[in-house]
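A short write-up of the structure that comes next.
The first chain written gets the first letter, and so on, giving A, B and C; residue counts start at 1 in each chain.
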Amino acid sequence: MTSGGVHSGEAARRRLRKRHAAERRFRLYGLAAIGLALGALVTLLGTVVVRGLPAFFGYEVTLDLHLDAARLDPQGGRRPGDLGRGDYGRVVKDALRALFPEVKGRRERRRLHALVSSGAAFDLRERVLAEPDLVGSTIALAVPLSDDADLFFKGGVDAEAAEADRRLSDAQITWLRALQSEGRVARRFWTRFFRAGDSREPELAGIWGALVGSLWTLGVTLLLSFPLGVAAAVYLEEFAPKGRLTDFIEVNINNLAAVPSIVFGLLGLAVFLNLSGLPRSAPLVGGLVLALMTLPTVIIASRSSIMAVPPGIREAAMGIGASPIQVVGHHVLPLALPGILTGTILGMARALGETAPLLMIGMVAFIVDVPTGPTAPATVLPVQVYLWADSPERAFVAKTSGAILVLLAFLVAMNLAAVLLRSRFERRW
Amino acid sequence: MLPLTLALLLLSTAAFVLGRRRAFAVVEGETRLLHSQPGSYGQWVALWCALPSLAVVVAWWLLEPALIEWQTFAGAPAEVVELPPERRELFARDALALSAGEVTSSEPGPALRAAAGRIQRVEGLGQLSVGGLAAAVALMGLGWARGRIRPQLRARNHVEAVARTALAASSLVAILATVGIVLSLVFEAARFFALVPLGDFLFGLEWSPQTAIRADQVGSSGAFGAAPVFAGTLLITALAMAVAVPVGLLAAIFLSDYATPLTRAWVKPLLEILAGIPTVVYGFFAALSVGPLVRQLGERLGWEVSSESALAAGLVMGVMIIPFVSSLSDDVINAVPRSLREGSLGLGATKSETIRRVVLPAALPGIVGAVLLAISRAIGETMIVVMAAGLAANLSANPFEAVTTVTVQIVTLLVGDQEFDSAKTLAAFALGLALFLVTLGLNVVALVVVRRYREQYD
Amino acid sequence: MTTISRPAERSQLYLTKITTRDLNVWYGEKQALFSVNLDIERNRVTSLIGPSGCGKSTYLRCLNRMNDVIEGCRVEGKIALDGDDVHGEDVDPVQLRARVGMVFQKPNPFPKSVWENVAYGPRIHGLATGRAELDEIVTTSLERAGLFAEVKDRLDDPGTGLSGGQQQRLCIARAIAVQPDVILMDEPCSALDPIATARIEELMEELRARYTIVIVTHSMQQAARVSQRTAFFHLGAVVEEGETGKLFTDPREERTRDYITGRFG
């Protein structure tokens, strides 16, 4: 530029260069912030996926089990009651010893037995109870390895490390390699993880119990928060007189939405357990607590959805003689429904991931059985994650991550459903 | 419970059909003579059938605990009746557990068995008589309402009045929940402060509630000075904010002023994912990955670091709160009018000068509100700290040390076996009350600040 | 399209400050300006008139490249300030905007004090080395904008607390403080009452001695009062431009005549 006074010349150019450098730095900070946040997301999800995938697979060893009638059915009547009391553990141990006859001494034998999961005996018992005629014969059955042996085949045991520093002894590693070279060890998709309840043994533990508990809990939550939330939203949007009481209700709803979740747990403990005497650890109470927590979400989503229905539709319906209740029931609610459902699904997704308040009402107990109803003791998926994360066995790290993957899969599905619902049915008035 | 509900549902359906048929009959099929549609008469009769009997069931449900309490001690031996209050309550609980076939705290004696038997009788009698009474009331309501059907009966108006009442009642649940929270916290906390003075709780420097308490020694031990707990909460919140505020704010600025629409469309939902991940997953991540990393870092610097540290929990919590800060700041920054940005750009300011000197100062109140909300969120966050911060009540500002927080203590005090009414259990409610009041205060202030800010640019 | 008129009577005194050749502008798919050719003369006030959406504001925003800020906006053609292409590779929009100041339709003082508002530009451009120098720039700019007498006791009060007319003059002072050559005004009086409008119109006459002024206005009366030259825009093109007196009394084009007599617009 030829002219321009203060805005040209060497000094001005220098100033400008500095300012542009500052501009680039600032932009870089913003990029770095986004990179940091997304990097954390990727690291978090990556860690969980890498650690969690092994939980879906496991190793089984095929043993030739001699179903000795003397051990399993001393009475000889093949009655289920007698068969159920048989010493199946002995049979499994015998099969192992037959493979390694050279192992002597109590300690060494115990180490040998420790290679196979304690669940092997239960599997065998189930099989025999289903087919009592098998007693007396010898069958080949694939049974789960113990968590340490499983970890060895998954590459989690460093055979080069000093013997004292690993969970498996040199001898145990030799036996495992022998079993493998005989072709007895096989990698399986671990269906047990999806169909079993909790267990102290990682290789036997599954998420089915927690999943069913989550379903019961969410069922109660949905049953309570959806009708109550929609009814409250309808009242506040369509019928409530503008005034102190209505303002007070609104303030309450907004504050309730911001109360820390653990406080809802305290409410549940004080009111539902101690005052009303409802059972501890029950999905019913968990559902009640989560319903109170979800209620503001449902109300707020429903209100904005109802508000979006244009007044013209109400006026048109009123004009042909419909009562206010009929206007709402026949016209406003059907039109607002997609938005209400979207909000409800998102609220449910949040409830599904909630842990802290459920700890307060005892849903944190070790529960093996799959819950059979809303009052049976149960735990839920995120609490199961918490329990497993606290377990010392190394194999539970994979189980924990696996459970997280299942939990995330449900959350993704729910959010996807909400997004689809919104894009499919959302109307712009 | 279930058979009763089903029976009631069946009866109401029958009442609807009968009422509707009756409405037709009254006008001999000339429905235009009716004030309302025949269906409305059916609904009206169904309501008369269901509501009174529901009232009976609810009344019994409210009355039953008192009856059971009375029957537990009616006719119990004198030594049971004269037990001290805590033991009395224990006895009542055990009797109830035994009657339901659950595990009791001690081997049941004859007195307990007798009490359990009495409870079972009350429950059995209750189920039978209440079932009968409810059915009778339902039938009576049905008959009475059906008999009153006339063409001029304003059935629809009556039904709609009930519907309106039900809607209004639903909206009161939000108030009920708040009242329930406040009452349960205040009552239990008041009992705690009867044992431990408020001053000791707020300013005491030693926190060790886990001291063993024998049953006959309720509330007479343990140290309940919560200052280290509050300090730990503050430390972790500060660490989380140190991560979340700059990262969230800069991300929001980049997305609103620098990013192309395509970038925005991708990055925003990705950031939202961070907000949708359950906190227990963050806790697991903090304990499994970040904790050991922090320890390695500390050891390399020559410090003694426990595997549970304030830093690990604070960092991960900060990441969790990033989307919260960024989406709130995004709203706030976008609310700054375009004309201000153009005014600055028109003077030859660069984008960053415009943002730093015009947009951010203008948006400051809104950003402060967003940060207050984020702080409230951090203070109330539980799972991350439970899994990664530790239990040791250290009064320390060193982020490499393990500290404990209000939420961690609430969880530890209440999970597992509890002694009822012990200071230890009640302390959790006192902490809960403090947590509730602080977060409530922060939220109210934040909402007021944000609302004022928005009004300024409306 | 009209060709550029070069009236013989144009005095040597009025040199061309800005030349525009074959300017086309698109917002996304929609073309907003069609092959605009226009010259802006130094130290005179040029009015851009025309019905809403005719492209006059778009043209104005091209002169200091404020359109760069709008996503999806594409500019083709040449605009030269003192002979240099403003879209040239070596031209920095930041520097350009310091030379070509802008006053907006709605007064938009920053939520800062009066003093800070005026000092903002000089500060970011590094035009002053100390507080005293800044004070002097602020005072001079406020004086030139005719506002100093009214606000000299409230320099530390928020600029948003002034009346609408004062706010707009504050924005003019803010633009002057950067020491521009050209001041662009986008309907600067549309949000003001008649008295405040008259005050600003007077001000333009005073400012013309130092600055080249381009003003977009809806009001033909205002254009007639304040400007020496006028360009009439319609449907994204310049229909006619010339000396203001001539254009309003004896327009060459039928469409111009229709517009100034109120047949459309």
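Observations
Convention: contacts are C-beta pairs under 8 Å (C-beta built on N, C-alpha and C of every residue); 3 or more make two chains touch, one makes a residue touch a chain.
Not measured: the values here are computed from a predicted model.
The interface with the greater number of C-beta contacts, when A-B is set against B-C, is A-B. Among the other chains, A has the CA centre that is most remote from the centre of chain C. Rounded to a whole number, the gap between the C-alpha centres of chain A and chain C is 63 angstrom.
Per-chain CA centroids place chain A at a distance of 20 Å from chain B. Per-chain Cα centroids separate chain B from chain C by 59 Å.
Along chain A, residues 19-20 each make contact with two or more other chains. Multi-chain contact residues of chain B (touching two or more other chains) are listed as 350, 353.
Along chain C, residues 94-95, 98-99, 124-125 each make contact with two or more other chains. Residue ranges of chain A in contact with chain B, taken from their complex: 19-20, 22-23, 25-27, 29-34, 36-38, 40-41, 43-44, 47-48, 51, 227-229, 231-232, 234-236, 239-240, 248-249, 252-256, 258-267, 269-271, 274-277, 292, 295-296, 299, 323-325, 349, 352-356, 359-360, 364, 382-383, 385-386, 389-390, 397, 400-401, 404, 407-408, 411, 415. Those residues of chain B lying in contact with chain A across their complex are 65, 96, 156, 160, 163-164, 166-168, 170-175, 177-178, 180-181, 184-185, 187-188, 246-251, 253-255, 258, 267, 270-271, 273-274, 276-285, 287-289, 319, 322-323, 326, 350-353, 355-356, 373, 376, 379-383, 386-387, 407, 410-411, 414-415, 420, 428-429, 432, 435-436, 439-440, 443-444, 447. In the complex of the two chains, the chain B residues touching chain C come out as 260-261, 337, 339-350, 353, 357-358, 361-362.
Residue ranges on chain A touching chain C, taken from their complex, read 1-8, 12, 15-16, 19-20.
Residue ranges on chain C touching chain B, taken from their complex, read 64, 66, 69, 71, 94-99, 101-102, 104, 106, 108-112, 120-121, 124-125, 171, 174-175, 178.
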